[in-house]
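There are structures below to look over.
Across the two complexes that follow, subunit A remains constant while its partner is subunit B and subsequently subunit C.
Right, the complex of A and B next:
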């Protein structure tokens, strides 16, 4: 399959020469269509010090269809749903913008850029976007609380387990 | 009154009865009602004046068949191709980019050709026919294949990919995403648009057909004055000049060559005389369960203590709430303990809290009854129209039978067909008169409207009755039926003219807000 060769090449590129602050692996070795990415919170952002699990799923039509990117670690961000699904709004991933020549490297870079600079005008969480615009201090405080609550310690990629673990975690960590 | 002649003129009546009987492509004016039913004898020169006056509710329209649509596009493309001296492919892409507004395209292009080309995705120009190439050492950036002799393709931007990837990409865009006019180069960040000629070179014939179909579709969808006929399997488009903002003044009903009659404003089936917005409100009202809520408020009361909804299921007025055990009187809603045993003379009847509760109940009951009154009549005509449709199917058999039994010729039994068509259209209209009436606030005009409605309804029922006669008797009532048919059509036109005129002049008062232009559900956003 054409896509296998392409994915193998992209994976090799990403693992031998990983983008800044990221480590990339396969969810399991037999399936190149599911990637696990651990992203370090960018140093100058409110997410600094946290480790975020990101799941990249490549559809069977990849690269003709865009990959699906979700956050496995909960995060307080205007463009990422504030729930256990961790859906993310990224223009490069929209069907009308995705090009088969687009690279996963670029996608991951875009995710990282989004943590450094949220896009409140294109929000998934309207309330957080409002807060980001109007009460930056409050936003930063909340985002940091989320980091200490959810993004410390080993990264969990099992979304359901992470969600289940998240509830008691609030008791132990705070 | 000589206006009767107007109603019987071939334009307004024949088209209503046999909408698909015309060989004429140009259907404009088929629904173009003549509103001046009281001609002014003094104004011999009034023709021009009337023309002008009619513009407000001019709903003339044209039907275009697929070949017409293609021809129009080709003409525009050729024109731009000659004026701007660019290839036909480029002219087509530019026109689509400008939503087929030729004037704006030419103006903008004359002013700043480079920006226009860039915005439309035609940045670089190199006059060369698209072709497949085999380049030594080529590696496809999409699939990472690098084998010898790999065929590759690039549009003008030079971003080169192997043919298989290109095909897969186009297949994905056309089949899965239904995209055509804005398929860009597969390269990340390159917005150059793939032209029709390149596409034809790459894809299979059926995919290319689909592509051209989608392209044609954008032509109709981009133009506000064009809409597809919504009838299944109909490929025609209708042109009509009625603007969205006029929809509170006019009900632009058009009829396609396929016989389907629909409203140009909202694409729903003919809903004269009710304006689009009332139709939307009415359908929503009928569809959602707001009436369930009405039923609840008309048939139940709330426990005065815990507010649980209670339906009275027995005769006794001494109510005990199942939930909170509160005991109260169903009549006055007051405490039962204060009643003693004399509930039947309920002496707290005039108390304020009790009257308020009862007023609210009575009001909701009246509104429910009012709605049901109109709804039942609306639904009845809807159902009857369906039943009449069955009759229409049987009509043909009847006509054949009649030809055999009475020795009538084919043309002589056409009156049955005409009658059946008239029944359909009139019921359709009657149905909507009830939705219309539901929203109508009472004034002198409503009385006239209701008289018209009543007349039409009686005529329709009479015709419907005749229709059900056994075949053997049908030939005896031919003249009667012909008369009734034309009478029904006439009554319908009278009713519609009256309502349309009052609508155009803003004389109706509705008991809901009609915003008209303030409902911007404009052309669906294109990707």
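Right, the complex of A and C next:
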């Protein structure tokens, strides 16, 4: 299987015609298996104005195995762990849901959609999910505080990239 | 456990004991079994089957020289025994020095008092056993050991105290032994057939010709009983253990068979349930047809051998695998896949690329494999996927397993399937609540889209955690 070839194709598609509010690059030019994505907080969401670093790791078995997506930037969100790992719970990435026909473009768009519309019924952060459901004002305030604190200025991947690489297994829980 | 002794048989024979060197430090004794060599000129008898053991004792299967214990000459019992015990019977004084021999005592049971005296007298000699008989001319088995006949001072407690084996033979047999004992006494010239014995063996005058009694005794003692007891316990334990494991094994086999049946019937999809990755056997993959890709929208309807529209399905209404329409002519000699479409077909599924590698198919050039759901791929792409990764179509997740196919079911799979079924059951129950309390939401099930294509079913988070735990490599 020409895994490299397919990744290169997808990378070309994503860079020439990037999805809305995203810029995509390789973490390291010689390795197509790790992507760095900078996502602009969707304008109509509480994350507007922030810039979020997202790391996409493609396993060597890709596309037979799902990519691993983590947030390098701290974010206050029911479906993203509120820690330095930034694990994200995305239905399309679950092993039992992943299909080789799924594209990274669709994955990234799903991530963006999750910022616009969190899924509190399937939370990684139960407390934030409850707050989102019951005290939306409080949630919005907290989320915006996080944006101000963590998602302003240049996006940094390095520190959290190392953390994510050190604990890749934790992604399987979502 | 009660010790039990059985005297199976008494064998009497006549021995010639030659002791010419008694004065030497190590007396040499020559023992000749005359009965064994010349049964025609000697006495012998066997008593078996009608012997009653009175005082059971463990004793080796050897015998001894037969004699009658001495009662004190002035004892009343000696007087009373006279009619039954001839004066010439072998007494202790009529035997060779008993350092070298064991003895068997013979006495009539005249009365309990006299029997007691015989037993006391017998215990002063190295005897193996004491044989009683009731002088009643009976050939029947003597009464049972617990019978009042054998009471001394109103009880049979003596039986437990006796230092040696005591048993009774029928009256007739005892009387006969007593008579023979009176014959084989005295010196070698006085015994029956003394002439013949003298001619054959030329014994010395100081030699003895005496009756030897062999005993065939079998004992099941306390020790043996304990062993039997242990053996029974061990046997029972083994039976319980093997029975339990057999039952468990059978139960496991039963559950495997049940799961297998449900897999074959289609009720359970091992892979869609996340129980186990299943791959398609390569021989099955090879059966999926190969075609040359052809896609010529401008020539719609130009190809007469075009497959019916049903062949091309939209990925969204995929669900079930369906055999591609038979097109025998095409399949036999490297069939041509007529990718040409009517406008409807183009709209639903042109499939211009292989969704695994994202390469475009080249019209009239690329060889593609069509799998039962109707989706097409490069053979090298789809073969590896179905053969090594998953049995589900990469596009529509329809199962590509042959009908009634089931991989080897393991106990582990049975456990996982059971766990998932149980979790589903609890989920259904919990989902019944319109608005679960907050605490339940935090710790209980949280809903999630499900593995199925359309995400129609909701799963608890717990289940997802379970799945990732039971199926880490997924």
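Definition applied: the second predicted complex is superposed on the first by the 157 of 174 C-alpha atoms of A that agree within 3 Å, B and C clash if a C-alpha of one lies under 4 Å from a C-alpha of the other, contacts with A are read in each partner's own complex, and residues count from 1 in each chain.
Following the convention adopted for this analysis, a contact is a pair of C-beta atoms (placed from the backbone, for glycine too) under 8 Å apart; a residue touches a chain by one contact, two chains touch by 3 or more.
Nothing here was measured: the structure is a model prediction, and the numbers come from that model.
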- Check subunit A with both subunit B and subunit C modelled on it and let me know: fit or clash. clash
- Which of subunit B and subunit C A:64 touches, first, second, both or neither: both
- Task: Would you check which partner chain A:137 touches, where first means subunit B only, second means subunit C only, and both and neither mean what they say?
- Result: neither
- Message: Contacts for A:106 in the overlay, against subunit B (first) and subunit C (second): which applies, first, second, both or neither?
- Response: first
- Message: With both complexes superposed on chain A, which partner does A:126 reach: first (subunit B), second (subunit C), both or neither?
- Response: second
- Query: Counting residues of subunit A in contact, which comes out ahead: subunit B or subunit C?
  - Reply: C
- For A:91, is the partner it touches subunit B (first), subunit C (second), both, or none of the two (neither)? second
- Task: Could you point to the stretch of subunit B, among 256-264, 328-336, 400-408 or 508-516, that collides with subunit C in the superposition?
- Result: 256-264
- Identify the overlap between the subunit B-contacting and the subunit C-contacting residues of subunit A. 2, 5-6, 9, 61, 63-64, 95-96, 99-101
- Message: List the residues on subunit A that touch subunit B in their complex, please.
- Response: 2-3, 5-6, 9, 61, 63-65, 95-96, 99-103, 106
- Would you tell me which residues of subunit B are touching subunit A in their complex? 141-145, 159, 161, 164-165, 168-169, 172, 177, 179, 184-190, 527
- Quick one: which bits of subunit C touch subunit A in the complex? Just the residue numbers, please. 272, 274, 315, 355-359, 380-381, 384-385, 389-390, 392, 394-395, 397, 438, 441-442, 446-449, 451, 455, 461, 464-465, 467-468, 471-472, 474
- Task: Would you mind writing out the residues of subunit A in touch with subunit C in their complex?
- Result: 1-2, 5-6, 9-10, 61, 63-64, 91, 94-97, 99-101, 121-123, 126-127, 129-130, 172-173
